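The data blocks that follow each hold one structure.
Shared between the two complexes below is chain A, which pairs with chain B and chain C, respectively.
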Partner chain A sequence: MSVKFLCPYCDQEFVTKMVLGDHIKSAHSDIIESAKESIGYTFCDACNQVPYCGIKVYVKDGRIIRLDSWENYPNSPLCSKGFATLQRQYHPQRLGYPLKRTTPKSLPDPRFVRISWEEAYNTIVSKMKEIREKYGPEAVLFYCGDPKEMRPAVSRLATVFGSPNFGTESSTCFRAAALASQLMFGLIVLGNPPTRDTKTVLIWGTNPAWSRPFDMPKLFDAKEKGAMFIVIDTRRTPVADKLADLHLQPRPGTDDALALGMMNVIIERKLYDKEFVENWTYGFEALEEYVKGFTPEKVEEITWVPSDKIVAAAELFATNKPGTLMAGVSTLTHTTNAVQTVRAILTLVALTGNFDIPGGVTVPTYPLPFRSHDMGDPDFIMEKKKIEMKNKRVDKDYFPVWAEIVHEQIQVNLLPEYVREGKIKMAILFGANVTIWPQFQEYQEALKNMEFVVAVDYFYRPWTHNYVDIVLPAATNYERFEPFIWFGRKIYVRKPVVKPYLEAKTDWQIVFDLAVRLGYVEEFWGGDTKKGLDFILQKAGVTIDEIPIPDGKVIPPPGPEEYKKYEKGLLRKDGKPGFPTPTGKVEIWSTILEKYGYDPLPVYKEPEESPRSKPDLAQRYPLILITGSRVPMYTHSKWRELSWLRDLMPYPVVNINPEDAEKRGIREGDLVMVENAHGKIRVHAHITYLVPPGVVDVSHGWAMIPEAHVNLLIPRVFDPISGFPTYKAVLCEVYKA
Partner chain B sequence: MARYGFIINLDRCVGCHTCTLACRVWTYEKNEDCWNTVLEFNSHVEKRVIWIPYVCVQVRDPVCILGQQPPPCVRNCPSMARVYGDLDDPADPAGKIMARGEARPLPSETDKPRAYYIGRLPKDIEAQLPEPSKVLPRKYIPLLHIPP
Partner chain C sequence: MKTNTAEQKVLLYDPTRCTGCLFCQIACSYQHFKEIGLEKANLHIIFDDKTGEFEAIYCHHCDEPLCVAACPNEAAVKDEITGLVKINPIRCIGCKTCTVTCPLSAPWFNAERRVAVKCDFCDGDPKCAKFCSPQAIRVALRKEAWEFNRKRYLGV
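Take a look at the complex of A and B:
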């Protein structure tokens, strides 16, 4: 594509935008100077937090010139990635037009050409109808990667179209932890930051400093007020380093055993909350019997954590109450025992009686009637209809527990299988990256073998888009107003602060346009996304236009915040005391897992590949590899395009402890091979005390450097209950390249 | 005369690089380099990683737009690891910390330093700390694109 760059002030032509930029600065400085600066507000989509952080945007002459944190806004301040979205906004490689491939998918070069939106929409709509005719609507997969903002719209379209096969990247992040919690509590309870009342903070497998920096003020605050911190993390993260009174560093993939060891101490020493356990839990006796085998000494052997630290952590969490938990939803679940590991940790919360007390692990009394975990509202995504279509879910035979509990989305990790079995023939992908999966070549193959694939994105990303038929340009967070967000009972909205880049459109608009062309005029409000959002908001009794920017609007709660809601009948739909589980209790013994033939207790299982489960393999590959951990400047695979961030981390690394590096003659910055039973990759060595001896942490998300792709080292073995991959526990060796 | 400068708390810096990007965003429109950086070191004595922020005033005056508010690198630090103010005024939060007498400049600074550090600095790291002018600025990386 040859694009000319026209000066907006004098129509002179330029070959590059940089030269045009310089020209504007020198020739039109007067206009620029005199233009008025205005201020706008938007939500950040640089990471994948819900609810999103807020950005204050300074605009001059139709161009964003500066960013800051949105003041008096709950998630604050912004982080490095949020600031870098300014560079993304004006990146020369952003997608500006719909593209269509002109070669068959069997050929590696897609030769994309620019087409009109009309042609793109018509092609997609006729393909959707064709597939529906030939194979049924469920043969179309609807998928949302990152960010999450478009999920409700895409999910609604899937339902209206007749496909229950709507999936998201939560298939590798968050959803397994949420599922574990639903199995136990009937609710999604994964912990929360400390409040004024909190005396002990248990941070397990998460490093908010780099994943949720806006939590740091609360954490430092709690520390200053005297709260005790237990940090459980294999790595010496900045949070462990700066906050921990007790830092436990379990061998990757053995958090289940560690939690059971802590329970052993709590039960043996009778430190548990007898009242809560007796009245509100189910299966305690079986648990008591089971944890007898997990003495601190035995658990030290399994986890590498000194037994005295296990005892100290258990005692502190059980006695220095109230205590809260902050659990890593995509660290604890990246093993072959994902769901049970999270259940074991949540059991600690139940045993210690820290559930739903002030300063403990709480759930809101009067949440707004929207759901944050899928950014939506059950009626908007038509969840009832999804449940009716359950039999057409492609995951139901593989992951029956997921299919029973997780109504809003399917488990997509077996996409290659679904395609090979002829169940999925077409996919509509928003912000998808197929290299997030282990052995991603199989997923690329799956896209290739589908009859038709559409992708919507900000940038052309060859590792995914080389395998699709149509690529559509998405408008950024500065260019869209959908959706709204909420913190507790406060709703915030935004307005676009600049016009969309070239022909980019918002995700929501793309979905609504497609829906209208498919004939769903009424279901999609004639294509008016604002009316769609107002449909959701009516439950809170407001409309988009009634919510002021930047202040947001509080919807007053019907009553004061309550605690111990299980005693007051505030957790169940029928108003009875207890929990919304089959037994009405916190199910330490899960009757649902029992029904499907899984172990009903939160049991320990060695990772599929570990020094204990595969001692022979460990001879050859003595190091434990973890991957997927956050770095401060990127969110997973995002933003390698941005030089401001790339400046801080130019290439992928293997983080290796000085001791392990020295043994292998490896020095800082050396090119090294990381090899295991599944493949080998080449990355730079970064020598650091971040990781303990025996463990290496390899960067993920570097698809643009194919020889460094860590997912080549991860096998396709999955947690049997949730289908989660094992990014956090495989064996490897590292040597100089 | 007022002596404006930084106090940086090493017990709080978590190496998140927010300050660097905030500085980047507030200086690029002046075609300026980024005048903040955060260096990472291994302390072999304490077997831990430590992050040391470097700031503009170790080399020059702030370039970001300075109004009534604290500079962007300060107000956006999630750990409140840095304070900017008059180091010589005991009524100023920065001056108050100075008055306690624990804050110290980088070993390489001799003449009227304007950036001081508090918090634990492992002994073996002190010797590794580069001079500010060797690591600042992080060079200007142009924004390539202006919308048509």
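Take a look at the complex of A and C:
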């Protein structure tokens, strides 16, 4: 019997494989052509919102088969998180259909059933209208978590709907540092990586090796060119190990005292920039008087940093100019003195005259007219209308400074209080995770007690979604084009590379669809998200279709880059020289804080819980707990669903110094209890020199292992100015489980 | 044409730039096994937590490779033209001789495929170097690598 070979496309028979091959090549060339790989480009949403690392995507038969770095793109290469987005894309547990709860929220089992998009939209819209009628539009909270790409659209919907209560997870991350900077400079200045001219780099509470790896080449290059590095970090991070000429390890939560100690040295020895201080700062005399108490010896007592190191660091930063600052935005603010700590560090920049000089801490002269911190532009999110509605903000009595300065979002950390007082009745959550907050049970309770809650997400996450009424599936970065992004003056856009998974929709589309159904057809361009993006882009004079993929488009600046912009009147809207603050100067003495009854100077305040403020408690719980620090394979609580990443770090750990571990009889990998006055958790011990003796560092974001969630140990104590929780300075004790 | 060995491209590891993120190992395992796993990588970063010392184990594509000399079935071969040392998985009998004879144990035994696996230089574009942000591991000429490592280990 002879073997026959059948053509899979036309059932013709052939005697040999070779003849069949020739036949397919000649007769079915179109099929072969379509099965070839095609290349697409997108940017990663695994960290978000700053990196936007570029991904080159190889697609075959409508399926992504391989990922690579986008060449000639500012932020690359890809990291483990970027690669893992491929597993996320085809994960069997991804949400594919809208879901509706069928049991009352008082019952633990939600019993979700699949519904159509039409039903989901109609339910949400009728609920929104009902709440607006009963309690007013401000009773609806709009919230964006992570990834943050839907922020402008959701913010616009909130304004149009009439609710100023739009909040984001920046309530625990970036915004307090930005607020501190706005109080001082009137601008958001949090430092930048070194340039060619930089001679000293002050890295304070950040570890770019693990959080911004694409910045590392700049740092190593600066080091090779002879720049001096001062690293201030409690932990012995890779950045401290590899770069630091001076490594200062303050006790967690005492960075404010350390900055004041450095100022004391700089002022006592007259090392400050007299010209800048005299002409461009407000309140220097008061500061001079205040820092007299912070001698290096006194600061050593507070911060555990040797006094000679404090003197050396201060002298180096003040004399070896120009110097730049790279400050961690959410390390320094996770204490009960958040805003003042950042203000103290920024005062150092002002005193040394390192602001806006080549190689120093600069702001771009001609930035594109979009804002990076809320990824939009004030006109798109209708900021003017938000300011008009200021009186309806739920946070205005709790955090008046935040309510005055931060126009675009509210402080959501007091959600349980807002709900308890009956101010918030409904919430629309995009990518929300309630376990980011300390004592998160109260936030779950708050969701339960609201009349109606909608969540939009990639995955079903029970710790949040068990308390909501409707869950909608979102499309990933491979399936959407919104929004565009920019680096400096270069704009990049993307195209969807594959079709959305099952019935998933892009979050911008969900917002636009809801808006149209609510009757805001004109404000939302009839539901066309592309026109919405074009509205933002018109300020740069381009449309989305004019920007080529993958090259991007540079919008040429109107003039050359300038320095000392405060002298030339380039910082203020009215064109006068100076800074956009009430006094027109750098406000070391903040007139806004003074107005609201807070301490106007960047003062030192011991953390709520510390060996100095609560010595009795410290006897029972002698270790200082820090949490929220980054690891290379995860960004905070994201992507724990992905086994690719879980293989790299399968469970949360408590990093403990060998000295502390030996005292407690703990060995590597042991199960240990971490306990304090607020709760206790069980995690594995990792013995490491990363943390100094007396400090332990517990991994965060492990909601999928409920008994190991570190936020159970964090009290609900907040910074009075910004409302930031104290993730980085509480007391605890570790013992073998 | 046989390449001049001094002009051959090899990997060069600079421990002063390494931050221990292990993205090189991840990129390597993704390239060769389409998954992310630290074990399935052809190079390994080892570090001492206490002293902060870093070292990388990776194939140097030696001039006179011991793995090639030891292979009983001529599976490990040094390419005359490119200078790369590769293991042919079809000829490999899984005897593990190369993993023992290599002074660095650069070839390793993959239990799933039951063959020895080692760095193939990603055919000229090593993914470990491509995905290393601080450029701690990079592609360099062998003469540069000689000079660098002489300075590093011997101080001259």
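The working rule: the second predicted complex is superposed on the first by the 701 of 737 C-alpha atoms of A that agree within 3 Å, B and C clash if a C-alpha of one lies under 4 Å from a C-alpha of the other, contacts with A are read in each partner's own complex, and residues count from 1 in each chain.
Throughout what follows, a contact is a pair of C-beta atoms (placed from the backbone, for glycine too) under 8 Å apart; a residue touches a chain by one contact, two chains touch by 3 or more.
Quick caveat, the model's predicted, so the values are computed rather than measured.
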| item | value |
| --- | --- |
| Overlay on chain A: chain C relative to chain B, clash or fit | clash |
| Touching partner for A:62 - first (chain B), second (chain C), both, neither | first |
| Chain B versus chain C as contact partner of A:501, first or second or both or neither | first |
| Chain B versus chain C as contact partner of A:365, first or second or both or neither | neither |
| Which superposed partner A:92 touches (first chain B, second chain C, both, neither) | first |
| First, second, both or neither for A:690, with chain B first and chain C second | both |
| Touched partner set for A:241, first chain B, second chain C, both or neither | both |
| Superposed model, chain A: greater residue contact from chain B or chain C | B |
| Chain B versus chain C as contact partner of A:21, first or second or both or neither | first |
| Common interface residues of chain A - those touching chain B in one complex and chain C in the other | 66, 69, 77-80, 83-84, 209-210, 213-214, 216-217, 220, 236, 238-239, 241-242, 632, 644-645, 647-648, 688-690 |
| Of all residues in chain A, those that touch chain B in their complex | 5-6, 8, 16-18, 20-21, 24-25, 62-63, 65-69, 77-84, 86-87, 90-92, 94, 209-210, 213-214, 216-217, 220, 236, 238-239, 241-242, 498-499, 501-502, 632-633, 643-645, 647-648, 658, 687-690 |
| In the complex, chain B residues that touch chain A | 11-12, 14-18, 20-22, 24-26, 29, 31, 40, 42-44, 47-49, 51, 72, 75-80, 138, 141-148 |
| Chain A residues within the chain C interface of the complex | 66, 69, 77-80, 83-84, 209-210, 213-214, 216-217, 219-220, 236, 238-239, 241-242, 632, 644-645, 647-648, 688-690 |
| Chain C residues within the chain A interface of the complex | 16-23, 26-27, 30, 34-38, 49-50, 52, 130-135 |
